[in-house]
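Order of writing sets the chain letters: A, B, C and D. Residues in each chain are counted from 1.
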Amino acid sequence: MPINKGGTASLSSFKGREAFYIEGGIIMTEVAVLGATGYTGFELVRLLDGHPQAEAVFLSSESHAGLKISDIHPQLHERTDLTLNKMRIKDIPKTVELVFCALPHGQSAEVVSALLENGVRVVDLSADYRLKQAALYKEWYGLDHPYPSLLEESVYGLPELNKEQIATAQLAANPGCYPTSIILALAPLLNAKMVSAGSLIIDSKSGVSGAGRTPKQPFHFPECTENFKAYRVASHQHTPEIEQELGRLAGQDMKVTFTPHLVPMIRGILSTIYLEPAALKTEAEYIDLLSSFYAECKFVRVLDTPVLPETRLVRGSNYCDLALKLDQRTGRLIIISAIDNLIKGAAGQALQNMNIMLGLDEDSGLGQVPY
Amino acid sequence: MPINKGGTASLSSFKGREAFYIEGGIIMTEVAVLGATGYTGFELVRLLDGHPQAEAVFLSSESHAGLKISDIHPQLHERTDLTLNKMRIKDIPKTVELVFCALPHGQSAEVVSALLENGVRVVDLSADYRLKQAALYKEWYGLDHPYPSLLEESVYGLPELNKEQIATAQLAANPGCYPTSIILALAPLLNAKMVSAGSLIIDSKSGVSGAGRTPKQPFHFPECTENFKAYRVASHQHTPEIEQELGRLAGQDMKVTFTPHLVPMIRGILSTIYLEPAALKTEAEYIDLLSSFYAECKFVRVLDTPVLPETRLVRGSNYCDLALKLDQRTGRLIIISAIDNLIKGAAGQALQNMNIMLGLDEDSGLGQVPY
Amino acid sequence: MPINKGGTASLSSFKGREAFYIEGGIIMTEVAVLGATGYTGFELVRLLDGHPQAEAVFLSSESHAGLKISDIHPQLHERTDLTLNKMRIKDIPKTVELVFCALPHGQSAEVVSALLENGVRVVDLSADYRLKQAALYKEWYGLDHPYPSLLEESVYGLPELNKEQIATAQLAANPGCYPTSIILALAPLLNAKMVSAGSLIIDSKSGVSGAGRTPKQPFHFPECTENFKAYRVASHQHTPEIEQELGRLAGQDMKVTFTPHLVPMIRGILSTIYLEPAALKTEAEYIDLLSSFYAECKFVRVLDTPVLPETRLVRGSNYCDLALKLDQRTGRLIIISAIDNLIKGAAGQALQNMNIMLGLDEDSGLGQVPY
Amino acid sequence: MPINKGGTASLSSFKGREAFYIEGGIIMTEVAVLGATGYTGFELVRLLDGHPQAEAVFLSSESHAGLKISDIHPQLHERTDLTLNKMRIKDIPKTVELVFCALPHGQSAEVVSALLENGVRVVDLSADYRLKQAALYKEWYGLDHPYPSLLEESVYGLPELNKEQIATAQLAANPGCYPTSIILALAPLLNAKMVSAGSLIIDSKSGVSGAGRTPKQPFHFPECTENFKAYRVASHQHTPEIEQELGRLAGQDMKVTFTPHLVPMIRGILSTIYLEPAALKTEAEYIDLLSSFYAECKFVRVLDTPVLPETRLVRGSNYCDLALKLDQRTGRLIIISAIDNLIKGAAGQALQNMNIMLGLDEDSGLGQVPY
């Protein structure tokens, strides 16, 4: 039994479907997590355990079906007895109001489509419904999108930018980890038309959990620790997602140079972003612009100099920390952002989307102070 | 403003003193944290931020007085505006019902005594009130104890063993990190008189946060990472505390060989304990004995073989995981325990003590699933 | 082309076979490394690159045959053009005088037997020829030994104890990493009959490279870093090897309790060994005994208190560092040893054996200062 | 006694001074290391231990004078008995031919000047003689340079570019770690006038040993591990050194945006460099250009795609690995370089300079394969 449950009442309804369950007078929303044994899936289960108004009641795992999730993730020992199921949509309880889909890209597309038909709401953590153009999906993921028409229906689930559309969406496409760290850093300046088109260079660094839970040579401890490297230079599949959202903010096509790197740490993404400003302002004015843009956003913290973002300062939390520096000698702006890739970059943001979709407080279950 | 506050009503009174404060109908207990910038102090502030019925209202720090705690620990940025104060007892608000004392040993003794005189309740995280004999304190800590008479008044704050006394104590001496991991592992067998006196060998391994926040050569990253070593072999100051509590459980004097080691990780203690059993039982019977002993204890998990404790499986949580193996070839028992040294080994256990002292649910604010 | 080659002349002959090759007047011994892509195999190739009188001329790898070793280990880029071959004995050049066999246990037995028949000398880094009793091999490795008669012929390749036999051996069974760290620590006391039989408890901690190069879940970076755990408690396959050699030194059967642990670092083993002394001596006397025992051994350093062994202090070198403490309170002795598991625990010791077998200086190519 | 000594004869003379010492017919050059206990100083002592033709005979340390270096760095136990001396120039033996100055910047200037007057040759590892303009030194290091006239005399000790001048120099200013990784990456394109001025953005990442051996809060293990951050954004003191040397290669003033980051690992620097090419070539043509430029340089390896530089692939060696990618979508070039900051970025390069100055093989004592 979850220890932490509790909280005030809430009621969500979506297109006439009203699924809830009452525990001590508190309305609990039932949710499912598909792909529950990966790092993102486990993180969802872990965060849901502490959510006062939502409860995971169905978990799926293709490779471990039949086992308990606590057999795979013994952290959950004595916390949940939930068993892992093969992903059959008919087996998802009818009381489930919202489904988190943490399946690999390519697999998610099909499942999400079926869920939507059943009238369930979905937060899809895969890449399958993030790109608006099926051609880009084909180019970067090598797959024909089976449901191109759904690409338009889906809402890009970055709450700081799209809160209203998320509230009423049936399908929220949860952003990628790198894109989250990058789009949040650039939105204020792009929105104010202060970025010189074509000048964007993004140098991102990620902890190893971003590579998933399957053991592979580059993530084998003796080769991964005490090492630093770049990978998929100028060819990472998050590039079109970044460009799509930056372009939407800028109101024009954006092309970026994007280089991801692997840091020998479990969690965290730090992005260092270089750009030529399209306006002549002081560093303080740019920082003010960031601060005002995010004045109402609980999860974005604009740091005052001289404090700079560090991944440990957001670790375990849903925060995105931002700082901006004007290189006086070259006139360039440098924006630095830090997130926990598994929280704000995945499961935490997914819960934030759920909260908005269900009409709950945006930060319900997401109050962790970084550790 | 803390995000997470909420919960049901509670009322604590101690010797006629009733300090509480009402927020939305919920009674909040006000507490103070002395020594708030060390790792244990910060962890207390962090955990209190998520506690539904207690709130830190006063923080002290000798070295950083005048600054905000979020200047020292920017994780707390936008979470609290609390300022750090010099430790003057008269400056602690009268509404404070309980004080966490996370000062260095030697400094704590004096402060705690003064607090007790003021009628405040105290959870002391230092070593100053753990030993019952002032002579042992002198021998192992090199100091004359200034208030030997208070040593008897204090309750050893290991809730799994001393819950009733803690409930009514004015002073709970929060156990050391190593002793917590060791005493919980051995209590069931000692209580059942199944340990051969003189046979105990304890080989413990701790993460680096146990050494505190002050930078020193052995904890400088390039010399600490990619390294493993023993330290204070057969001379660690936790030895008498371990022996005192094991002796109390055994009903006879206990001498142990205790070797601590330093692991290149932030958090976690794993203790590997060797003993000759005083009874002839099967491995399963010993494991049953552990399980029954802790049947009512939410924070102790007795693992079924083949799963063994790992520090990551309790990281960030208040759990103590235990496993037992009978070495069939030599007849020895091997008990392995794992805790997070900053949570169950310090701040979490202190909150657990506070919960018990205030009549709250023992696990209030301590529901974190390991991450 | 190796950069480092050079040195003075040497001549080795074994049973009439004289294989050598002259480069600038220096006699180079040609050797082969079977299983060259594992961590031990690579370490052999790396150390041989710096050896002035030996050169690897044949490498095998079942999984990567056809590729260059520098494709698998790009550290070797521009250092060697050697290609990886399937392990067919007839393909090993006739000029090869000595073969390092770094194949998995079970596979090695067969190959070594064939090599010996061909008259080649072998240093076998697998476990296949370490145990003298085929029954123990069956019990701990689950395999019938195909060549039990060869078990007697093989020499246990711990140079500090068996240098003379190694010099003339055709087959040296290179010790396991844990056994090396343990036997060297105990040999002086056992040899002096100062260990109480039945009192030995060995608590060892190893870096992750000891688990090999194949990616597996427990060694996946996000689950391996920031974690500490025991494994194969009282059941590790090195146990009979340890007991065999300790028994030989003691002149009586020895049973030990042995618990290995996994440390989140690449290299290094630290063993903490507990025993009841069978004699009444001072700590200084015991330390003297260790120092005299190893007076002529370049690779064993007996540390004066208060310096204790740390794995970083032997990292990258062929040293074994030792320290001893007498626990005055319980009368127990605690011996601590540290080695680099890939060097003194595997490839370095194998080279040391080769040097002895070929009549070279024992430390030729093994002069690395720890880094 | 060093184990590894040996090698062929060599003779160096500089301005009539002939200092050598013969051991078994081999000429050994005597050298001194000032500032021997820092990480760079220790690395020099460690590498010199394995150098066949040079021997450290004098070590200095202000803070540890009177102790043996093996007391501070027990890795050297039983390898050297050298004692640490206060830095008094008159105490340096007259037989010392070359001095490595690994003192902090500011302190080095004075000492180097005195050494030069004594006719000794110097490799200065500090920043004091790298900048040609005293005004820049004042601007970035905050100090008036006491010997501005010597700035012209000193040779920038990057052997791949300035080998001839180094050979006859009395003072070689050993490059900074970041500049080494950056200048080597850019030299071929700058030399070929293929870099658009003003387009350079350099995003560098360094292991923690680069911050030195003095314990400080940001390098305290619990705050440094599992963390990633930028520091001194657009204000790092290596900036003018980078710009000076790039400008020299380009034949015009260069301004760069330079952001250093801290990686939780001991050793290694990886620099990711972005630029607009001033020519229209294919990726393969650019790579060829790099390869030809460094065809004769043993320590620079230009990797073929798809292999990319990783810090582990050069760890412990004097290599600089390079790779180049053309971002087809934006037309930008991305060059990635990796070095070991303590070897090619400091002590190894200093030895390489010494070898050149003494007329030895450039790679003498620097043959380590990365580990």
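The rule is short, and it goes like this: a residue touches a chain if its C-beta (ideal position, glycine included) is under 8 Å from a C-beta of that chain, and two chains touch if they have at least 3 such contacts.
Bear in mind the structure is a predicted one, so any value in this text is a computation, not a measurement.
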Length of the shortest touching-chain route, chain B through to chain D: 1
Of C-D and A-C, whichever chain pair has more C-beta contact pairs: C-D
Whole-Å gap between the CA centroids of chain C and chain D: 35
Chain A and chain D: spacing of chain centres that average the CA atoms, whole Å: 42
Rounded Å distance between chain A and chain C, as computed from the means of their C-alpha atoms: 48
Touching two or more other chains - residues of chain A: 207, 225-226, 264-266, 310, 312
Of all residues in chain A, those that touch chain B in their complex: 2-4, 6-8, 46, 49-50, 52, 74-79, 225-226, 298, 301, 303, 307, 310, 312-314, 316-317, 321, 363, 366-371
Touching residues (chain side chain A, partner chain C) in the complex: 39, 207-209, 213-217, 219-222, 224-226, 264-266
Of chain A, residues touching chain D in the complex: 198, 201, 203, 205, 207, 223, 225-231, 233-234, 239, 255-257, 259, 261, 263-268, 270, 272, 274, 308-312, 315, 325-330, 332, 334, 336, 338
